[in-house]
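Paired with chain B in one complex and with chain C in the other, chain A is shared by the two complexes that follow.
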Partner chain A sequence: MKKLMWVCLILISILSLFPFYMMIVMSTYFNEDLFKGIPLLPSDYLFENLKTVFKSDFLRVYGNSLVVSITSVALALFTSTLIGYAIAKFKFRGRNFLQIFVILTMMVPTQVGLIGYIIEMRHIGVGNTLWPIIFVWMAFPFGAFFMIQFMRDAVPNDLLECARIDGCSEPGILLRIVLPIIKPGLATMATMVFLWSWNNYLLPLVTINKSDWFTLPLFISNLGMVHRTDYAARMAALAMTTVPVLILFILGSRTFMKGLTAGAVKG
Partner chain B sequence: MWPYLFALPFILSYAAFQLYPVLYSFYLSLSDWNGIGEKTFVGLRNYVDLLTKDPLFYKSLWNTLIMMAMFIPITLILGLLLAYWTFQLTRGRKFFQTVNVLPYITTPVAIGFIFSYLFDWQTGLINLIFVKLGLMQEGFYWLQDPWTSRAVIALMVVWRNLGYFMVIFMAGMTAVPQDVYEAAKVDGSTGFHTFRHITMPLLRNISVFLIVTSVINGLQLFDEPKLLYGGWSGSVQVGGPDNTALTVIWKFVDESFISNTRFGYASAIAYTLFVLIVFFSIISYRLSAQKEDKR
Partner chain C sequence: MKTIGVKKWATMLASLSLLTVSLAACGSNNNNAAPSATTSAGASPSASQAASANPNDLSGTVKVWDWDETFQKGMIPEFNKKYPNIKVEVTVVNPNDYLQKLQSGIASGSDVPDIILGESAYRGKLFDLGVLDNLEGAPYNFDKSSVLDYTVPYLQNSKGELIAIDQAITPAGFAYRRDLAKEYWGTDDPAELEKLISSWDAFIAKGQELKEKSGGKVLMFPGLGDAYIVLRGQNFNSYVNGTDVDLTSKLQKPLETLFKMRDAGILGKNELWTPAWSASMAKGQFMFYPMGPWGPKWHISANDPEGSGKWGLVKAPEGGFTRGGTAIGIYKDSKVKEAAWAFMQFAYLSDEGSAYNFKTFGNMTSSKAFYENEKALIEAPGAYDEFFGGQNLAKYFMENIVPDMKGEAQSKYDSVVDSVFNALYPLWTKDTSITADAALQKFITEVKNKATEATVK
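Moving on, here comes the complex of A and B:
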């Protein structure tokens, strides 16, 4: 029984990793050699493939993706932390209403307003730019909910009272006392938002049709139509898109697992 | 005064970037508009047309439901098993967890590419291996057959979400107090019996959460089918072979931004889907939470 369990675990893990392995191996082949046999062992063409990729707009697109993800993280953290702090740590009229409001916002799928959103973006003149795929993260309901829960558990009320008695201003309390305490929560949320915006495909697909503003997922899915169909180069581009994120994830996997399970265990 | 000020940025951005578009889309769903010309108010006609004159809509809904019926039970059962096995390990817990979550954080574009390569008719690895092993005479058109194309999409979803399900289940198992297990051991309960009568009932809430969220996300399936049929070969085949891989969101996106610009009609699709999502999530909640009462 124990042995069977190990065999199954290892087998499933191999299946999980296999596509990544194929991606990396294929990016080391000369394109035309890919189809001569079964490409299971690495070849020696990686450098040339990387050159092909860098000759295209790859770096610029990488920059676009970084700008989008980093700005989105900053904005989402900003609004979520503020409303989380207000709801979790203040007593005021309308607090219950606000809390219910946040929960309701979590239930509306973003696709419902997609067309309206894009028309709105065109009206305010940022239709075909990076802004639309950043703005969606400004009000991130799950993030607000997460911050409310996190502050409630992590920030002791007495500490805030003491600071108030000592004459610290409200923004000062938030910046100097609350922020340092909630750092783990911020890190968790930042990794989640970064990842989701980095991988997002649908929204850039329907908003951006100018190749200057492509993000990575869009760029790669369009790569084949511009150049000769160089599958190996495409795989190299894919590897360069996914591998850094995977490494980042493995390094911060503790923070990350917390983020993944945040919504589930409580609800 | 301060709490209101703190809540303001979120509320304003929500109103501007989410609430307004949702309301505006509803208004659009009541009009006939192609994005450029005049908007004409047509009342509920878009909805009536969608529900009575568009067999493709029903087909896309049917496809989506079939694929969900394939991947939700598999991910649930396999995820639970994986979590249970990994949870019992004394060494390597973290390792298996991390390895299996990697697909979940990979960009769907990569998954689409890799899978459309693996299942390609001519050059795909699956066919090459099957032929080499003598299991098949010649390659099979995985992506051109109505059922295998859906199965491949379901497989992509399973591959991507399995690790996520596993991590969530494991979080639930960690939350179960250890003395419950100790007590069961003292009473002579072992292995499968413990799993069946102690672990599983305690994971009920988590299973309900996973079922409901995967129903909600499943109804919005788009990335996997779209990328499977728009990736590797470079061909852009809307809906897969004979529309058997067309999902509701794919149809919605196609009507509004790719093949057409029927904004009014597409908004009606989005709202209909929203109603369906609410309906199915309530049903799946009822069904999965009901079992709890019987116990």
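Moving on, here comes the complex of A and C:
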């Protein structure tokens, strides 16, 4: 039985890792050789592909994406934690309404609000910069919802009461007691927001009109595009785009898993 | 849990102020980031006031969305030699996303380029949006008799206004493999080949012969898509009248010929633009690829970089057709219309710009004057003539293919028809029991589904 389990695990691992392997191998080929057969072994064209990628400002684009994703994560965590803490742990008028409102906004697809959002951004005066694709994570309904649920399940009210009785200030309670408890939740959300903003295509596509502000998905879709699609160069860029995220996920996977299962069993 | 008290309100206020501070920080950062975007808007008005014959007097920043960055990077410095005060800013936009990006830009009132490109795939839809200026009016006063006559219908909207110019003309013939033609048909001379495939029946017969002689290794076209481009393109009849879409008159004959070819087994099973399709050029599995003047650079030599000397150009059976093509217009609310027009004229119509364009990229302008004034340039070997076995491609296009070209009116239904075809032909490739008639009926139904307001027959 154990053997069977191992075989299954190995098989599934190979199946899910194979595309990553293919991506890396494909980035070492000359584009037109890619489709002559299934490329299983690395070839010798990696350097040329990297040249194609780097000759078009890849580092700046990479920087843009990093700035966007990191800032988005920071802002999303900040607002979601505050909303979550307030709604889950305080009683005040309009609390239920707020919670329903958060869920309602979750139900509106991004595409529907897109034009309105762009108009809003333009009026704030940040059209055609990186800000619109960062700000979108600041009012992030799913994050707020996630944090409300997480706080409700993971942070015991008695603990907060104890802290208050012991004379801890309210900001102190949040920073010293609540934050350490919700670390797995924060890590989970950080990973998700990072991934989503890292891979976001539609919003940057419609809001960014200057090559200087391109993010990675836009850049890759524009790479080697004129009448001939340079898949090999795209794969090289994609590999460089995916690997850091992969590493991030592996590093955070322990806390990530904890976050996803938190509250599943109540003690 | 306890009810919120004064202390808590204070805390919440504190966190709110923290949020505001962080927001304000974002705002101030943004001021550093924004100038590049604002300068262009600030510089704009000067251009619209300065309508003058002296190129130095025109100034402003012209925004262009283009997918071909190489072209713009080459052309803009040439343009600036003559117009030093006009700045041209290029944003690279994937043609697949172009219309969506443009529409959301217009709808939200944010950035819209001054110069808008309409690729053949969405040109009819773009024309129908009503966002392009009439180029025959002021301040452009463009004379449509100055461009090749057959191109005019491709540049007009349904009201008959001329709202664009051609990036380059796209009359098309076949790129063919000289080595294969010589091996199986005994000749690689374009004039001889023209005679061998003078009609579609002759083409099919030759294809069967080719298939037999090569033992099925070499076929005529890579797939149904390639053949359809030619057959549909050769039917220049307009099929749209308001919301009446007459597919039967447009597609019946092309589909019949297409299915005849499929049943004769002379077409491959590749879908257009797939990796396998691109790779087939270097492999020598197919004799013909439909090709316009942009093809030698972007299509053939890009996919078969070691194929120099192996390729030739011949006209299609029963006449020319168009392959691709991009219309270029000016946004009707642009603030730099004169400057934008100066760039368009220089890059796509003027003798100097066209000469540079032709020499560097092999693009052929639609301006009649160019072919009169720069005869020597057309006669001289072009950038890709060597690749095509020393054949003078430009001359062949102009003398053998352009004369029997006609124009085809553009319509917003074109892209619907194209997308329906693209969705259907893979099935026609696989399921050979589908007949031309059944295919046409299915085609009509699908177009009806996608264009519900139209009467399709």
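Going forward, the second predicted complex is superposed on the first by the 205 of 267 C-alpha atoms of A that agree within 3 Å, B and C clash if a C-alpha of one lies under 4 Å from a C-alpha of the other, contacts with A are read in each partner's own complex, and residues count from 1 in each chain.
Assume a contact is a pair of C-beta atoms (placed from the backbone, for glycine too) under 8 Å apart; a residue touches a chain by one contact, two chains touch by 3 or more.
If you're wondering where the values come from, they're calculated on a predicted model, not measured in any experiment.
Once the two complexes are laid over each other on the shared chain, residue contacts for A:Y231 go to chain B and to chain C alike. By the document's definition of touching, both partners, chain B and chain C, reach A:I119. Touch criterion met: A:F92 reaches chain B and chain C at once. In the superposed pair of complexes, A:M240 makes contact with neither chain B nor chain C.
In the superposed pair of complexes, A:M23 makes contact with chain B only, with no contact to chain C.
After overlaying the two complexes on the shared chain, residue contacts for A:S221 are found with chain B and with chain C alike. Legend: residue contacts after superposition of the two complexes on their common chain; A:A154 is shown touching neither chain B nor chain C.
In the superposed model, A:L66 makes contact with neither chain B nor chain C. One of chain B and chain C touches more residues of chain A, and that partner is B.
Applying the stated contact rule after C-alpha superposition, one finds that A:C168 touches neither chain B nor chain C. Counting contacts as defined above, chain A residues 34-35, 78-79, 82, 86, 90, 92, 114-116, 118-119, 170, 205-206, 221, 225, 229, 231 meet chain B in one complex and chain C in the other.
Against chain C, the residues of chain A that register as touching in their complex are 32-36, 75, 78-79, 82, 86, 89-92, 114-116, 118-119, 121-122, 125-131, 134, 157, 160-161, 164, 169-171, 205-207, 209-212, 214, 221-222, 225-229, 231.
Within the complex, the chain B residues that touch chain A are 2-4, 6-11, 13-14, 16-18, 20-25, 27-28, 35, 78, 81-82, 85-86, 88, 94, 96-115, 117-118, 122-123, 125, 128-129, 132, 159, 162-164, 167-168, 171-172, 175, 191, 205-206, 209-210, 216, 220, 222-223, 226-227, 230-232, 234, 249, 252-253, 256-257, 263, 266-267, 270-271, 273-274, 277.
Contacts from chain A toward chain B in the complex involve residues 1, 5, 8-9, 12-13, 15-17, 19-20, 22-23, 26, 34-35, 38, 78-80, 82-83, 85-87, 90, 92, 94-95, 98, 105, 108-120, 135-136, 138-139, 141, 144, 170, 174, 195, 198-199, 201-202, 205-206, 216-217, 220-221, 224-225, 229, 231, 234-235, 238, 241-242, 245-246, 249-250, 253, 257, 260-261, 263-265, 267. Within the complex, the chain C residues that touch chain A are 1-4, 7-8, 10-12, 14-15, 19, 22, 26, 30, 33-34, 36-37, 63, 65, 67-70, 89-94, 97, 100-101, 104-105, 107-111, 113, 273, 275-276, 278-279, 282-283, 294, 298-299, 302-305.
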